[in-house]
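In what follows, chain A forms one complex with chain B and a second complex with chain C.
Up next is the complex of A and B:
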């Protein structure tokens, strides 16, 4: 028995830089069953209505990662997004190219920055030359070692995370969620000998520009959870190098801050992160805020039960600097 | 209803106006706030970056305090909500659980996981209910177009937050509608405010904030409203910086969530500390006053 079809309106972004003066949206109407993948709809448009539509795709099975695009503003794979749910939520399906990568034509984007960041983290095992991997033999790993990879080996490099990332949008020096999740994958690999070097390099290399918004984790079709692995990387980087960057100084400064009163002392944190010189640079803004909110200069109330907090710190915050 | 009030650091100090508005709303709706002077800061996500187990333990301690009193926890900050809820989720992992328990048990703290953590937005829309909220509206915010700004940690990661859909949330817009305002639909409503890197790289942080404010403005918002005082800092206190980054005149009043609700309940601007905002709210308030009665 064939399912009932529904009318589906696609509004598809069309743009050929150098030829078109501005992007436009072209509307196509198809009758499709609710379970039809968005990609199938787009291919019908290309094959039956408008052969000039440019898009990337290959496997149609959420394996190759080629067909990531924005579907009603969310970055996801067109092959695993069904038209019915989109129409039910939004009335129609707005299709746009991924963000943070320049449009080459229609839905095809230039992935150069995405791949450049990937290659920068050197996504391959760096082995000890004195201890080469045994030829033709597997390197055994314990279940605990395998567990440390978390979900990172699932990544199909579709770039949906990069498209969804507000840090990549605002600052091209951020490596992006995928590159950092890959870095994590190599940093926890017991066969890799470059762990420390990798972590030393990534601290000033943009690690601390991640804002923990978790939009990458929302976008990822394979549940790689890049934002959580980036958080792990930050802890690993601090363990190797201590608080040397603005970001790590802020994280460690925050942790130390609570030891005094159990509540945040805002001014003390700014001083810990920015130093006196940095504070001077923020003086103007500080005064503007202080005039409306004088409490920013005030020490917070000390919580009751500080002794409990102190004991928790003593139990769990013992220094574990690994040193480079 | 009776609930453990977890105001968070900011609402006790530089965002006092948020605490004022929260108390007004809860008083009006008969929500009894039970206060615990031993609650500590949630770590704001930063302690999680420096030391995950410590972060979980600090918040397991906070949760245990409410549990002992048999109460759920009310938060008024998306980040506090996210961190307390994160502790609940991570404490389900046996390895983390035993590490944290080993630190808590010797000092007589037992974490059971029985207390739920609810942001005021959830309490208003789910526990109290929109009908009951509507019944208390004395001055509908007719004519005011408001861009809801959720704050990341209230929504994501969705599978851990035990809240509505992180991708397509609508509770805030539903709430704005019952208090008479017109919610504005814009992409930025679920985006990041940039605050976590305000001290790491201010220009990038303000660029992120500026994009969201500009997006709300271009979609016709007269004001924005947020359930998170950190977002409020980024969107209001640093709005001048955000405007510079996006090269636009923004002038966007930003309310705390309970402020818009309290305004509709008849609170005066003074009762809500509106003069403590950096971007003036007068123009938005004038819109409400000028609107014809519903």
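Up next is the complex of A and C:
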């Protein structure tokens, strides 16, 4: 690895609400080796150029979750992002605060909504007094049971997922990827006795606002894969409660709908998702669609290769050995 | 004025455990922390937590290993208490919800660690600190207490011979706040940022140790600074001892597994001080690798196989790949020692009491002492919990009986006046400049191998920087999240602590554990089997000494 330096241009978001009239970008130029962490660059700016730059940081080794920010539009940890790759791809390094959290100063954001959602899922073991923990020894748990947590124990609560989440932006009542991944962690914990109660609460609690864009999984620096765990939660919620929300009814309706002919029957799907009354509400839109594309209202033909589709459904309906 | 019965400063494992104990005792508790609790540096601990719960292991064996590891400077009564409590403590953490790595039979898995006669280290892959921090925060978060998040400790107020409360800076508003409290538990962790090359987080600036020292508390055994043998060259990032526990080996530039020369019986799993000195000796004698980021030796994991490396040492894999551009599955990891842990700290007894009534300390900020001259890997996580709980309970019991505090607005004034002067100064020194100079001084003169000449030079330089600190200047004039002010507060702390470390190291003319004097290479029990105590006087630190507690283990020569 070379220790030769390259010129690096940082464009850093600066804003202090109540003091500055509007945010601005300030440019700093440093010579750094290509694998210098962005955080190191920012700290050199603080130490050598401008001590007023506001940011959070602590461990500098991707474990405390303090330094999440947007680096060339991606929410990630400044400590484990290297300047060389950013400069090679983007020419310079644009640094902005995380999204979905109000700016306190420069790159420091107010994480209250993020923590509020975390606390709402009741992130602690719930125990049944009739089933006490084994006295004086650890609860038995096999490696296979530990596997069921998947990567959720790696979460460092950096909020990069929350920043990247369009559902959290659109609807602040959405718990967000981190809180839901945490909920999954408790829902699969063999020590927790409130699994059903947790799942009953979460289905009307915003679970189906997740649109499976997987931006959280892309943003997560610890490979927690929140969107995949949210999919697992959706399955688990339907399993304990059936489809009670528009989102879950849509998902179940979609599956049943396709089973018949291998093509969607759009009319049936709308009814499955919204119910008959809901359909009436969408009458105006239905008429507009019918005018443009009348074939959509027809019952679709059966596709060729239905036998293949049946095999897929058979596989789907076989219970998994290790549930999610 | 804010008022509580018990205030815990620091929200890592020790602070949270202290807070939980005080809440359970029915006290009105507040936790003051400069980070969110889940961002505390406890979360960076990787390898594991020691408890003698294995079938063939015993509390006595753990006690002996810890006594020996301490180079006989640890207090044996405290170590016995610690090792007895370790088993129930790890089980309690499991019951709180911590997700540990398991053996096939469903029990807690344990891995070998340095200086231990048994595989005694319970772990959660290589993120044990994070697992414990999550488990404890989940448990504590369910209780009622007040959290003052992103508040920085500025002053401990002692009057009428007892504790009255604290003054802290609320970073978010920029206001200084008084918190009246009958009891305060210092749990602010270590002070690695006294050094430039350290495994510690940027936040580890010894705030609690320094502020307690300024308030009249004794700092104990501060000259004993642990250097972790294996840190990445890039930024001193920690590579867990678990890497060697899982079978990782060390090689020098001539391909020799050199630990056979220094610890023929246990090789890479000798005590940390022994391994760190061995690595430095290889480097100093010209058998290290050289490169743009400094000299190194190699830590090899390749022979362990991809599956084991990626499951048991998952975080290490990621750290090596993202920070050093190295894949430990196929390549050796260049490493060198880095400052890691302060064996010393605010002097306490087993329940965490200091010499100031109402002031308690626990965790790395405290010195009980169970680590003596050298801490064993896996003992610090356990220390935070065992002694955090003890200190929290003792502080709660004290607060239940203590008279009302007499904190007044006047206690805030000297603090505010001091910081106003920093803001008002038009010329003067930036705190970051002073910080980098003290760090360079400590790296160069107060490292693994020490001599009187180096230490004297280091002291001269640190005192010169302290003198310059009297003209420190905060240029950022904003109140909100003013890190320039935080820098200045922290630099004042590390300067005080650096001075105490060096003064203690100069006085101690022997080699014991992590304190190695090349001019006095032998342990000197008749003269130096004693704890160093440092107290602040107008002319600087004043040293005195106290006895080491012995119970059952006579000092012996320490061979691995």
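Here is the rule we go by: the second predicted complex is superposed on the first by the 299 of 324 C-alpha atoms of A that agree within 3 Å, B and C clash if a C-alpha of one lies under 4 Å from a C-alpha of the other, contacts with A are read in each partner's own complex, and residues count from 1 in each chain.
We take it that contacts are C-beta pairs under 8 Å (C-beta built on N, C-alpha and C of every residue); 3 or more make two chains touch, one makes a residue touch a chain.
From a predicted model like this one, the values you see are computed outputs, not experimental measurements.
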Combined model on chain A where chain B meets chain C, clash or fit: fit
Chain B versus chain C as contact partner of A:217, first or second or both or neither: first
Contacts of A:102 with chain B and chain C, given as first, second, both or neither: neither
Touching partner for A:85 - first (chain B), second (chain C), both, neither: neither
Touching partner for A:316 - first (chain B), second (chain C), both, neither: first
After the two structures are overlaid on chain A, angle v-u-w for chain B, chain A, chain C in degrees (C-alpha centres, nearest 10): 140
Partner chain(s) touched by A:266 [first = chain B, second = chain C, both, neither]: first
Partner chain in contact with A:258 - chain B first, chain C second, else both or neither: first
Minimal inter-chain CA distance - chain C and chain B, angstrom: 16
Touching both chain B and chain C, residues of chain A: none
Chain A residues touching chain C - in the complex, by the definition given at the top: 1-3, 16, 19, 33, 35, 37, 40, 43, 46-48, 51-55, 57-66, 80, 82, 104-106, 108, 111, 115, 119, 123-125, 133, 136-143, 145-146, 149, 153-154, 156-157, 189, 191
Sites on chain B touched by chain A in the complex: 9-10, 12-16, 37-41, 43-54, 57-58, 61, 99-100, 102-104, 106-107, 109, 152-153, 155-158, 166-168, 187, 191-192, 194-197, 199-202, 204-205, 207-208, 211, 237-238, 240-241, 275-278
Complex contacts: residues of chain C adjacent to chain A: 35-36, 38-41, 43-44, 88, 90-91, 94-97, 99-108, 124, 127, 129-131, 134, 138-139, 141-142, 172, 201-203, 234-235, 237-238, 291-293, 314-315, 318-319, 322-325, 430, 432-433, 436, 475-476, 478, 480-484, 487
Chain B partner contacts - residues on chain A that touch it in the complex: 73-74, 89, 166-167, 169-171, 174, 208-209, 211-215, 217-218, 225, 227-228, 231-232, 234-235, 238, 245-248, 250-252, 254-255, 258, 262-264, 266, 269-270, 273-274, 282, 285, 288-289, 292-293, 295-296, 298, 300-301, 303-305, 307-309, 311-313, 315-317
